[in-house]
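Here come two complexes built around chain A, the first alongside chain B, the second alongside chain C.
So, the complex of A and B:
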């Protein structure tokens, strides 16, 4: 190549193209990972369960969330975004999903945890359908990579229900 | 750099960068550290720059043989015809 600048430019562009290909390969390597996560949510207490002045039901609960999500981390994982949502059916909507709590797990060491917490975000229904209603609590996670494709999955935990009367 | 040297420099650059890419990918994956991959690759790019970009002597082993000035004077350049200068007037 003909001059210092010419060679330097050629080297830099080639090295950046190769870097892009390396990042693509790193992202593809995430598919080799076979995760085996587990989680459990217990509702310790229904703090209160009222009908708002506007007519919508609102509930506040305290949960004990424990999970082992360490197998989701790979060398290409930047962080894990997890959230718990309550899912139920009403006459008006075939699926309601209400996000109750979320967290960011920055490292594998923090991925095995338990937390005793009340819902971070308010649980308000569209209407007053919650009395005696059965619902699922689902733990969703998004594996956010350092480079490449983001994977998202969830565990559905069934068998929860609201009390029959307001309290 | 001479012609052979230029070709050699380009080949060395391509091979070295590809080798470092593979080495850094494997090192990063095996050690489970993305940072390792980036650092090894950055080191590789720097090393390749130092080897192929400056005008090292070993790139000039087949130097071009320019014509000696004494020889050039024996064969004068053909003269460009300057006498006929037409007046380009359009009517």
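So, the complex of A and C:
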């Protein structure tokens, strides 16, 4: 009843249970945080806007992205994964979401920033529907914890539109 | 004397059977609750670093909510092992609500088109096995070691068997 094997088994089970509870509590503490993030995206320039040989529209643009996401960090936050995606609709698709740029924010100090960048990923439509089309730019963030529940949210910025003609 | 011995063996066999059954019940229960065929996944590669490292454990959840960019999904479109990457593009059809999905690992420069089976350009909803919602670091190393060094698996099973046999009820 008191053999080494039993004691080891009991010890292991107990420590695993305690560790699991600590992880759960750490994760629950994230719910106490009330974040107040803000962001702004300006399109500085449409670099070019063409129809590819296969018939799909493609655009390259330069953006000015500024944001303050410091309030999203808690002691249980490992990093923030943020990305900007363009959202629009077309006759064939009720929703198109295309990621244009992303970044990893490893610490609270880096969470207030601005960046001048062209789109990191190609912005290609399924078809040639983009001329004169209105679209939203959404800044998403994904909170990746040290342990526990991951959660995500976004800010939707409206009012952008493509040029009427290719250039 | 003999009948007590048989009883003891039977009792141990039943105990072992109950342990195995409970494990199976918990596993199947998890599959039901999370709606995903593999409710728990171990991160095997470094393509989602620094967020997820090799050996981390991910808990998945799947429901009928549409797939949207930013979600971390586990997909298997006919390959041996499922892959955990992030959705970077979604094109959802107006009529059928089917969607074309493109994924990419956070640490990779290119999207996953090269990885998709048979020249596929887009993933469909049916290839997605679940979304990662919960995360525990390091815990998955246990599974990786068991898979890559089967010797340890045999040692552990042997030790467990010994414990059951030598226990006095």
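Observations on the model:
Here, the second predicted complex is superposed on the first by the 158 of 167 C-alpha atoms of A that agree within 3 Å, B and C clash if a C-alpha of one lies under 4 Å from a C-alpha of the other, contacts with A are read in each partner's own complex, and residues count from 1 in each chain.
As a convention for this text, a residue touches a chain if its C-beta (ideal position, glycine included) is under 8 Å from a C-beta of that chain, and two chains touch if they have at least 3 such contacts.
Values in this document were obtained by computation on a predicted structure and should not be read as measured data.
Of the two partner chains, neither chain B nor chain C is touched by A:46.
Using the contact criterion defined above for the overlaid structures, shared-chain residue A:76 touches chain B, although it does not reach chain C. Once the two complexes are overlaid on the shared chain, A:22 sits against chain B while remaining clear of chain C. Contact with chain C, but none with chain B, is seen for A:152 once the two complexes are overlaid on the shared chain.
Which of chain B and chain C touches more residues of chain A: that partner is C. Using the contact criterion defined above for the overlaid structures, shared-chain residue A:93 touches chain C, although it does not reach chain B. After overlaying the two complexes on the shared chain, residue contacts for A:104 are found with chain C alone; chain B is out of touch. When both complexes are overlaid on chain A, the residue A:7 reaches chain B alone and has no touch with chain C.
By the touch criterion stated above, A:115 is placed in contact with neither chain B nor chain C.
When both complexes are aligned on chain A by C-alpha atoms, chain A residues 1, 146-147 touch chain B in the first and chain C in the second.
Residue ranges of chain B in contact with chain A, taken from their complex: 1, 6, 9-10, 13-14, 17-18, 21, 24-25, 28-29, 31-34, 37, 41, 45, 48-49, 52-55.
By the touch rule above, chain A contacts chain C in their complex via residues 1, 5, 9, 23, 27, 78-79, 81, 83, 85, 89, 91-99, 102, 104, 106, 121, 126, 140, 142, 144-150, 152, 154. Chain A contributes residues 1-2, 4, 7-8, 10-11, 14-15, 18-19, 21-22, 25-26, 29, 74-76, 146-147 to its touches with chain B in the complex.
Across the complex, chain C meets chain A through its residues 50-52, 68-72, 86, 88-94, 97, 100, 106, 111, 132-137, 163, 166, 168.
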